[in-house]
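Just dropping this structure here.
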Amino acid sequence: MEVKENMSVLDLIEEMGKSGVLGAGRVSKATQLFADSIKDEDTSIFLSVAGPMVPGGLRKIIFDLINDGFVDVLITSGANITHDLVESFGGGHYRGISADDEELQKHGMGRIGDVYTKSHDFEVFEEKISEILSKIAEKKKIISIREFLFEIGNMIEDENSILKIAAEKGVPIYAPGIIDSMLGLQLWMFTQDKELHLDAVGDMHELSDIVFDAKKVTAVLLGGGLPKHYALASNLLKGGVDAAIQVTMDRSETGSLSGAPLEEAKSWAKAKAGSNLVTVIGDVTIIFPMMVAGAREIIAR
Amino acid sequence: MEVKENMSVLDLIEEMGKSGVLGAGRVSKATQLFADSIKDEDTSIFLSVAGPMVPGGLRKIIFDLINDGFVDVLITSGANITHDLVESFGGGHYRGISADDEELQKHGMGRIGDVYTKSHDFEVFEEKISEILSKIAEKKKIISIREFLFEIGNMIEDENSILKIAAEKGVPIYAPGIIDSMLGLQLWMFTQDKELHLDAVGDMHELSDIVFDAKKVTAVLLGGGLPKHYALASNLLKGGVDAAIQVTMDRSETGSLSGAPLEEAKSWAKAKAGSNLVTVIGDVTIIFPMMVAGAREIIAR
Amino acid sequence: MEVKENMSVLDLIEEMGKSGVLGAGRVSKATQLFADSIKDEDTSIFLSVAGPMVPGGLRKIIFDLINDGFVDVLITSGANITHDLVESFGGGHYRGISADDEELQKHGMGRIGDVYTKSHDFEVFEEKISEILSKIAEKKKIISIREFLFEIGNMIEDENSILKIAAEKGVPIYAPGIIDSMLGLQLWMFTQDKELHLDAVGDMHELSDIVFDAKKVTAVLLGGGLPKHYALASNLLKGGVDAAIQVTMDRSETGSLSGAPLEEAKSWAKAKAGSNLVTVIGDVTIIFPMMVAGAREIIAR
Amino acid sequence: MEVKENMSVLDLIEEMGKSGVLGAGRVSKATQLFADSIKDEDTSIFLSVAGPMVPGGLRKIIFDLINDGFVDVLITSGANITHDLVESFGGGHYRGISADDEELQKHGMGRIGDVYTKSHDFEVFEEKISEILSKIAEKKKIISIREFLFEIGNMIEDENSILKIAAEKGVPIYAPGIIDSMLGLQLWMFTQDKELHLDAVGDMHELSDIVFDAKKVTAVLLGGGLPKHYALASNLLKGGVDAAIQVTMDRSETGSLSGAPLEEAKSWAKAKAGSNLVTVIGDVTIIFPMMVAGAREIIAR
């Protein structure tokens, strides 16, 4: 690898590709595969996002990928959806706070690593989301999670929201574990005296149609958890994905799916025999922006 | 630490406690806290289980903890429930197979680390579970996940099943991400021509009652994921757990809840100020059996 | 796995062996291999110890293994040797201190994770070791590291010292990185006005004789670093070890030897084709005491 | 973070700095600190390099940093020195090989992760290095490791060699664990019938002078091991470094120095109170090229 002044991100990634080994080699392969998958009109991209990636600064990057038509299906956690909405309602994610966790609690702050949230922002979130839930409940009593998120996306006004752009662009968002989040908690509060059922099973009819209609699928898996499993498992009925990239810090030895090698997915027919599988071990907030910058540059050439 | 022939597990853990530092110190503190929590009649134990812990050999250990009244609430993944049922229906978990993932797929085997499953066992599972789903659907059209698992537990005959013993002993099982599993897939298949809605929100009414009725709560968190988050978040409304133990290999630096230090839960009022929090970094299939053996020996004294 | 009251450590490990998968399976295999290697009179055991294992509470365990003739060669860091001597000279390792690192420094305490040391103990160490260095320098001007440690072992009076028991039992200690430690620093101070050369190369003549004389070698590798590399590389000229166990938390993906899979050693002829290689991912202060207790029980049967 | 086409590496790092949290925030801080340290004429940079960083593609990057006067002291492993020389003597590091480790051994290939070496290259290395050792032994019988590496650097002809450029530029290279490497092995072979003593202690006199002459020191620590410890410990006598950056995948919980938080160094006076300390958790072959590209761009502005 040679590193000079004023390299573009892709220049750097290409140097990593010349070395071609260890982490540098994997970043290069992942970036190329991501760009190839975007460029290939026959390939649908399933992006799974676990971990605090909206609080961690990836909101705009994900927004732009959807806006540019580079993502076909988004699968994420209730937490990322909640944090997208917190920002849409005027709240934020803060940093540079120095206090221990008991003090934070006294001052109405919650901590996610070195990201901080304010309870006031969640109060605004509660107020705003309960209005939205009322409007949704007026329209439907049983709603799939995907539709539910689509309805929310349509009802908010923030032009930077992942939910909103996904609704506008017709990119479905799946969140199989949505109930286990602040949004899930609000839903519970709401349903203590009103009726609104989330139909998790309902999503699967639609998602299976998407899978069957896709000529090829590349799964881009940021972190593990339900989003990773759901992204891969939804491709099971069609023999698995054609390609996959995962970025994770989880280990494989415990047997957990979150850290499992992508090869393991082949045994379950969640990845096809011969599929192109690249794992990058690293922090998503570092690796994914790099991959996106590199892939965008490849595409723009 | 001194290690001799014929030490009991507790003897060894006590030696670790004499050293009192690094991993050995943490195992000792965790075991003592677990035993104290079991012995204290005012303490309810919430056990969360993520990762392939039934395939990984913990089925009997979890069964016995429930059978002995040592666990008050179980929170786990759809996968562990599926694997409990696979064993109940005569299937198994296999080892010592030597083949690559593409060959495994051809031979109808799925891999979880070094644990192997047979597609035949899943076929039996499909057949049996569809009969059960039919019976449940005859009784109810909308059912909470906890009730759904209770019904299944009551309908199976295997005397070694976690689901069955939990049903018998009245220990509720929560599985907020159940849809994202083989059981979830069967549910989807079933609902293509029949009606049965899982009501994830429904669980929260009941669970909040359990939390409010508990004088004290100790959370025992095996792995991260939804089970960890749900176990802690369900205690939010009452100001957090009084004590918690987590066993994990996930890292804290990515910000993901799975690897988050327990102290972070204090900022969110998911753990009380002054609560007793012990993290052991290690493989659950090693650490938890050790802790259970040690805690049982403390209790039996 | 079944876990009951009053299990011996070996009972628990045998339950892990019945499961036979993930971490539990690896602990079972490692314990059996360790016991078999001890029992086999044709097998020499090379024990490498990296990381703060004397501060971490393993001093007595290593002492006893040497005293019982279960270890043939010990390879460790200058730090572990320093800490063995600190204890021999009346110093200690402390715990339960609550202060930040800048405060610790002001109060003359050094931190290793949650283990604390006192600068006073290092002052005593300096005084005592300089007397010993003077005595050694009177006898020899150029000395191999192994001989140097043998001389120190012979000159100290502490009946619990690893250095002393190794000297008494004729177990050689190698410490290829010894210079990079407090003991190395003292050696430098001493040689500012006196003459004493450590001959690192000198060890290799002797060590190669040990390797060639051994019928079979099992390497037991606690942590990585120089001790792991040296233990394996010393067996290179004879085609590699016959068996190896490693216990580590380091990852393989970075390419560093510390986290490298043992299989990689086969490509370098540091492990023989067909050799029995077991890796346990975990904290050495938990896993090794467990393995030793289990192996001792197997041997005592 | 916003990611567009044709961003420079620094543009991307600045976006990471705007987010400022989790891994992205750490990369931004580390890059800024690295650039500031290079630009500050009063600051000496101690670069420690552990792990297979020459095989991993960092050779040219390290070469250029030395050539440009951006590194004042290099501390590395015997392995990296060996691999630098292997390349200087016409050998290489290979990739894309598909064979198991026993087959690799039969075909004369050694593996380091996904990097491959050829035994033929090591044979050439042996021949060439023995000539160099002869020449050095003619000049000196006892030589410090730093001088030894300086002599080798002067005797080789490869214009891309780290050893050569360091010798030309007067940048000292320390390798306290040099004996534990292929180069160490050759030294042993050589001294079976000739005389040449490496004086590890000898380096410390000189290194302490460098430390005392430096107005300020920033340690840049790639990986852990002896290089990290030596870099920090050499600053002990002057109260510690003024700033440090570490890039590592090792964990802190085992207590090993390799994964220890930099703050711990404050307790030992290896880092000054108030020193600027940044840890990035990640693969060095990804993170360091990125940091170097970013820092070069800051400097060039």
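Order of writing sets the labels: A, B, C and D. Residues in every chain begin at 1.
The working rule: contacts are C-beta pairs under 8 Å (C-beta built on N, C-alpha and C of every residue); 3 or more make two chains touch, one makes a residue touch a chain.
The structure displayed is predicted, hence computed values, not measured ones.
Here the chain-to-chain distance from subunit A to subunit C, counted in touching steps, is 1. Across the assembly, the mean Cα position most removed from that of subunit D is the one of B. Interface comparison, B-D versus A-D: the higher count of C-beta contacts falls to A-D. Subunit A and subunit B, compared by their mean Cα positions, are separated by 26 Å. Chain geometry summary: the mean Cα position of subunit A and that of subunit D are 37 Å apart. Centroids of subunit B and subunit D (each the mean of its C-alpha atoms) stand 45 Å apart.
The residues of subunit D that reach two or more other chains are 21-23, 52, 55-56, 113-115, 249, 251, 253-255, 281, 283-285, listed in rising order. Considering their complex, residues 1-9, 11-12, 15-16, 18-25, 27, 52, 55-58, 60-61, 64, 93, 95-96, 113-115, 249, 280-287, 289-290, 292-293, 296-297, 299-300 of subunit B touch subunit C. Residue ranges of subunit A in contact with subunit B, taken from their complex: 50-52, 55-56, 79, 100-102, 104-105, 109-115, 142, 176-177, 179-180, 184-185, 187-188, 191-192, 197-201, 204-205, 223-226, 229-230, 233, 236, 249-260, 263-269, 273-274, 283-285.
Across the complex, subunit B meets subunit D through its residues 21-23, 251, 253-255, 281.
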